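The same chain A turns up in both complexes below, where it pairs with chain B and then with chain C.
== the complex of A and B ==
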C-alpha cells in the first residue's frame, strides 16, 4: 500500500545542508501499524511530514519515491497533493494541544476537512458527521460547540483523532501524540487508536520515542538513527533478536523489573551533526564493534530472515556481548 | 435558498452572543453610551442647534448669554450650533479615514506576512519608508498639495496612518503561520486564500478591531490638527476649525473659555468613547480573554 524507496529529505539551513532523512526504505501493508522510533532529531517527524509533503520552509525531498497504491507522491503537483492530503493520508500532530484554531469551535474544524474535500456536502451534513466522529472518539457530541481552550488535553487529542478520521483515510500518521499527556490518558488514547484502526482497517505509522508504547501498539517497528533507518522488523524480531548495535544498546537501556538489579549502560557519545555526518555508517564513531568497512560506505538495509527483518549493519551477524 | 437563510440566522445568533459578552462589561457600555450620544447629536443637530451654524446671527465675539449659550465667534456665528454640527465632520472623517487606514494596513500586513520571502520584504521596506516619514509633516504636505476638501482630508489621514498597523498585523501573521493549527490546516488541504480567510484573518481580527477603533480617535485628532493649522476644508464645520478660530482670535487672552473648551472636550470625549469600546471589543472577539461563565 505504502512503499517508500530511497527517500531523502534535506533542510537548507544557514550552516549548510542537513540531510534529515537518508535513503529511507519502508513499506506498509493495509491494516498494518508501523512504529517509528529514534532519539530527538533523528528524522522521525521529518519522515512523517515528508509523506504528507508538509515539510517546513527550507526542507525539501531531494530524492526517492513515496508510492501510495502505485502513485508516486513526490512527483505529484501541489494541487493533486492537496486532494490526497487528509483524504488518503491524515495526521495527528505532535503537540495536538495546539492543532485547533482557537477562534473556531471544534465541530466546525472537523467539518472543515469534509467540506474542503467534498464540495457538494452541505454544512449541516458535515457538522452531523463531525459530531458522529466526536461520539466515536469518546467525546460528548454536545461538546462540539466548545472552543479548544475549553477542553482538556486528552479531549483535544481525541478531537484531533476524530478530525484525522473525518474522511476515512487509508493511512494515519500519529506523531508523538501522547507526549504531553499523563500515563492514564496516554493509555486511553492508544486504546482509542487501536479501536479505530480495527474499525476502519487503517494503516498507521506511529512516531514515538517511547519503545514500550510502540511495542504495545504496533505490528512492526523501524528504528532510526541520524536520518537512517538502521533496523526494521516485527516487534518480536526487534525486541527478541535485535541485530544492529545501536538497537541492542537502546533495548539494553530499558530497565527490567523482573531481572534483578543492574547498572544501565548508556551508549557513549552523542548522535552526529547532520550537517557534517561521519563517512560510512553514521553510528560507527559510537559503535564498539565497528570495523574499517564501517568508516567508508554506509551499509545497505538488508533482509536477515524471511519475515522481512532488515538491518543496515556490516556486523549484523556479530553474536558477542556489545553492551554491558 | 434554505441554506442561505440558515446562514443568516446563524450570523444573527453569533452577533447576539457577542452582544451578551459585550453587555457584561460596564466600561464598554459607558463608551457605547457616549458614542450613541455623539451619533445622536450628529444625526439630529439640525433639530438641537438653535441657529444655522453658517449664518451670522449675533454680534461679533458676543459673550455667553441666554440667546447664545456659548457666545458667538469672530463672524457672529453661534458657537453652540457650530460645536453640534462639528460632530458630523469628526465622526465622518474619523471613521472613513480609519477604514482606509485599516484596509491598507491589513492587506499589506496579511500579504507580506503570509507570502513572506522577497515579496514580503519589499512590501515591508515600502512600509518602513512610510513609517519613518513624520506623519504630521507628510499630512501637511499632502493636504497642501492635493487641495482642501473633506474627501482629501480623509484620504490623507488614512494614507498616512496605516504603516504601524501593517507592521502589527504582519508580525502576528508571521507568528500564526508557525502555529500547529496552521500546519494542520495546510495538511487538511486548505488553499492559501481559504487559509487566510478562515484561519489567519479570524485570529488577527481582535487585533484589527482594536486597532481600527483606536485609529478612529487618532484620525479625529489628525483632522482637528489639519483644520487647526488651516489646512482643513474651509467650508466644513469641524471642531478643529472652531479651535483654530478661537486661537487666531485670542480667545484665551480674552477669557472666552466657552469658545474653545466645549470643542476640545468633545474631541476628548469622542476619542475616549472609541478607546473604551476598543478595549472591550478586544475581549469580546478574543475567546481566551473572556471571563469564565459568560
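== the complex of A and C ==
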C-alpha cells in the first residue's frame, strides 16, 4: 500500500544543510501497523511529516519516492496533495490535544473537517457523523458540546483520533501521541487505536521514542539513527534477534520488569550532528565493533531472513558480546 | 528514632487553598482546600533509594518539595537526621540546606541560561560562603563536574547551557546538587525528558554516587520500570495518599492494592506483556479537588465492596515491610490466615 524508496529529506538551516532522512526505504501493507522508533533528533517525525508533505519551513524532500497505492506523492501538485491529506492519510500529533480551536466545541470542529472535504454533505449529517465518531472513540456524545478546555488530556487525544478518522483514511500516522499522558491513559488510547485499526482495516505508522510501547502495539518496527533506518523487522525479530549494534544497545538501556533489576548503560556519547555527520555508517563513532569499512561508506539496508528483517550494518553477523 | 533513618515523615499533610472567585470572596464563603499530600508517613534509611510513583497530579512532586521545606507543610512531622525540621524557620533551615538537595525534572529550566556552567555550579558555594578563595572554588567546581561525569571539566566550565545536550545539562543539574556534599537528595523525575540511552547513563551515575558518597535518595517518577530497576523501596501514590509501600521487588512482582496491580499491568514491559493481561482502568486520572468519600480509589476499582464507598482504609502490613490500604485485600488475607 505504502512504499517509500530512497527518501531523502533535508533542512536548510543557518549552519548549512541537515539531512534529516537519508535513503529511507519502507513499506507498509494494508491493515498493518509499523512502529518508527529512535532517539530525539533521529528523523522519525521528519519522516512522518514528509509522507504527508507537511515539512516545516526550510525542509524539503530532496530525493526518492513515496508511493501510495502506486501514486508518487512526491510528484503530486499541492492541490492534489491537499485531497490526499486527511482523506487518504491523516495524522495525530504529539501536541495534538492542544491543536483544537479553543473557541469551538469539539463536535463542530469534527463536523467542519468533514464539511470542508465533502462539500455535498449537509451540516446535520456531518454533525451526526461527528457524534458517531466521538462515541466510537469512547467519548460520550453528550460531551460533544464541550469546549477543548473542559476536557482532560486523554479526552482531547481521543477527540483528535476521532477527527483524524473523520474521512475514513487508509493510513493513520500517530506521532508520539501518548508521550504527555499517564500510563493508564496511554493504555486506554492504544486500546482505542487497536480497536479502530481492526474496525476500519487501518494501516498505521506509530512514531515513538518508547520501544516498549511500540512492542506492544505494532506488527513491525523500524529503528532510525541519525536519519538512517538501521534495522527493520517484525517485533519478534527486533526484540529477540536484533542485529544492529545500536539496536542491541538500545534494548539493553530500557529498564523492564523481566530484565532483572539492573540498568545497563550501554551506549556512551551522543548521536552525531546532522549538519556534520561522520563519513560512512553514522553509528561508527559510538560502535565498539566498527571496522575500517564502517568509516568509509554507509552500509545498505539488507535483508537477513525471509521475513524481511533487514539491517544496515557491515557487522550484522557478529555473534559476540558487544555491550556490557 | 529508629535504625539510622536519614529521613522520617509522619502524617505529613499539605493543602493548597483553591483560588476562589471574587464573588465568593465578597460573600466571605469558606475557603476551599485541595489536599495535595494527605497523611503520608514513611522513613528512609541511610544509603537507600526510596521511590514514589504515581500518575500526574497524585501529589508526588508536592511531597518532594514539602519534605525539603520548599513548601510549608500543614500538618505532620518531617524528621531529618533526628531533628524535627517541620517548624524550622528560614534561617535555621538555611544551615541544613547543604545537606538536603534537589535535582529537578527539566534541565532546560533549572539552570540559568545566561550563566556559564562554572557560575551555575559554583553558586551554591558562594551563597553558603563555603569557599575561601577563587582557587578553592575552581577546584571544587572542577571536581564536582567530573564527579557528575562531565570530563574533562575544563571543556564545560565556560560553556553556556545551550551549548550542551539534554543529558549533559542534567549532569550539570546533578553537579549543582552535589557541590555542597549533601547527604540526602530529592530527585524529581530527573530522567523523564531524556532519551533511554542517556537515561540509563544518568541512572547509573546516580547509583554510583550513592555507593561512593553513601547518599540517600527520594526518587520521584511516573515510570514504574525505572523505579523497579533503580530503587530499594517503592511507594505508590494515589490522590495524595500512599496506597501501597514496600520493598520494590515485592511491590512490582506481587502487588496487593488493586490500583498498583492495574498500574503495573499496563506498563509496557517488553517481556511481561506477553503473559499478563493488562487491567485497563476506566475513567480519568482523578482530580484532587474532588476526592471521593470512603476509599479514594473506589470509583475506578474493579473489586470494591460496599464498605469501600463509606470508610477509608488504613495501611496494613501484609508481609514484612509491605503495606497496603485496601479492605478487600485485607479481608482476603484474614480469610487465608483463618484457614
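Points to keep in mind about this one:
Basically, the second predicted complex is superposed on the first by the 316 of 324 C-alpha atoms of A that agree within 3 Å, B and C clash if a C-alpha of one lies under 4 Å from a C-alpha of the other, contacts with A are read in each partner's own complex, and residues count from 1 in each chain.
Keep this in mind: a residue touches a chain if its C-beta (ideal position, glycine included) is under 8 Å from a C-beta of that chain, and two chains touch if they have at least 3 such contacts.
Note that this is a predicted model, so its numbers are computed, not measured.
Steric overlap between chain B and chain C is absent once the structures are superposed on chain A; the two fit side by side.
When the two complexes are overlaid, the chain among chain B and chain C that reaches more residues of chain A is C.
Judged by the touch definition given at the top, the superposed model places A:206 against neither chain B nor chain C. When the two complexes are overlaid on their common chain A, residue A:47 makes contact with neither chain B nor chain C. In the superposition on chain A, A:191 makes contact with chain C only, while chain B stays out of contact range. Judged by the touch definition given at the top, the superposed model places A:68 against neither chain B nor chain C. By the document's definition of touching, of the two partners only chain B reaches A:85; chain C does not. When the two structures are aligned on the shared chain, A:93 is found in touch with chain B, with no touch to chain C.
Panel annotation: after superposition on the shared chain A, the angle at the CA centre of chain A between chain B and chain C (CA centres) reads 80 degrees, nearest 10.
With chain A used as the common frame, chain B approaches chain C to a shortest CA-CA distance of 8 Å. On chain A, the surface touched by chain B in one complex and the surface touched by chain C in the other have no residue in common. Residues 3, 6, 179-181, 183-191, 194, 198-199, 202-203, 205, 287-288 of chain B touch chain A in their complex. Against chain B, in their complex, chain A makes its touches with residues 52, 54, 82-83, 85-87, 90-91, 93-96, 98-104, 112-113, 116-117, 122-124, 147, 149, 163. Against chain A, the residues of chain C that register as touching in their complex are 55-56, 165-167, 195-201, 203-204, 207, 222-226, 228-230, 248-249, 252-253, 262-264, 266-273, 278, 280-281, 284-285.
Of all residues in chain A, those touching chain C in their complex are 39-40, 152, 154-155, 182-188, 191, 209-213, 215-216, 239, 249-259, 261-268, 270.
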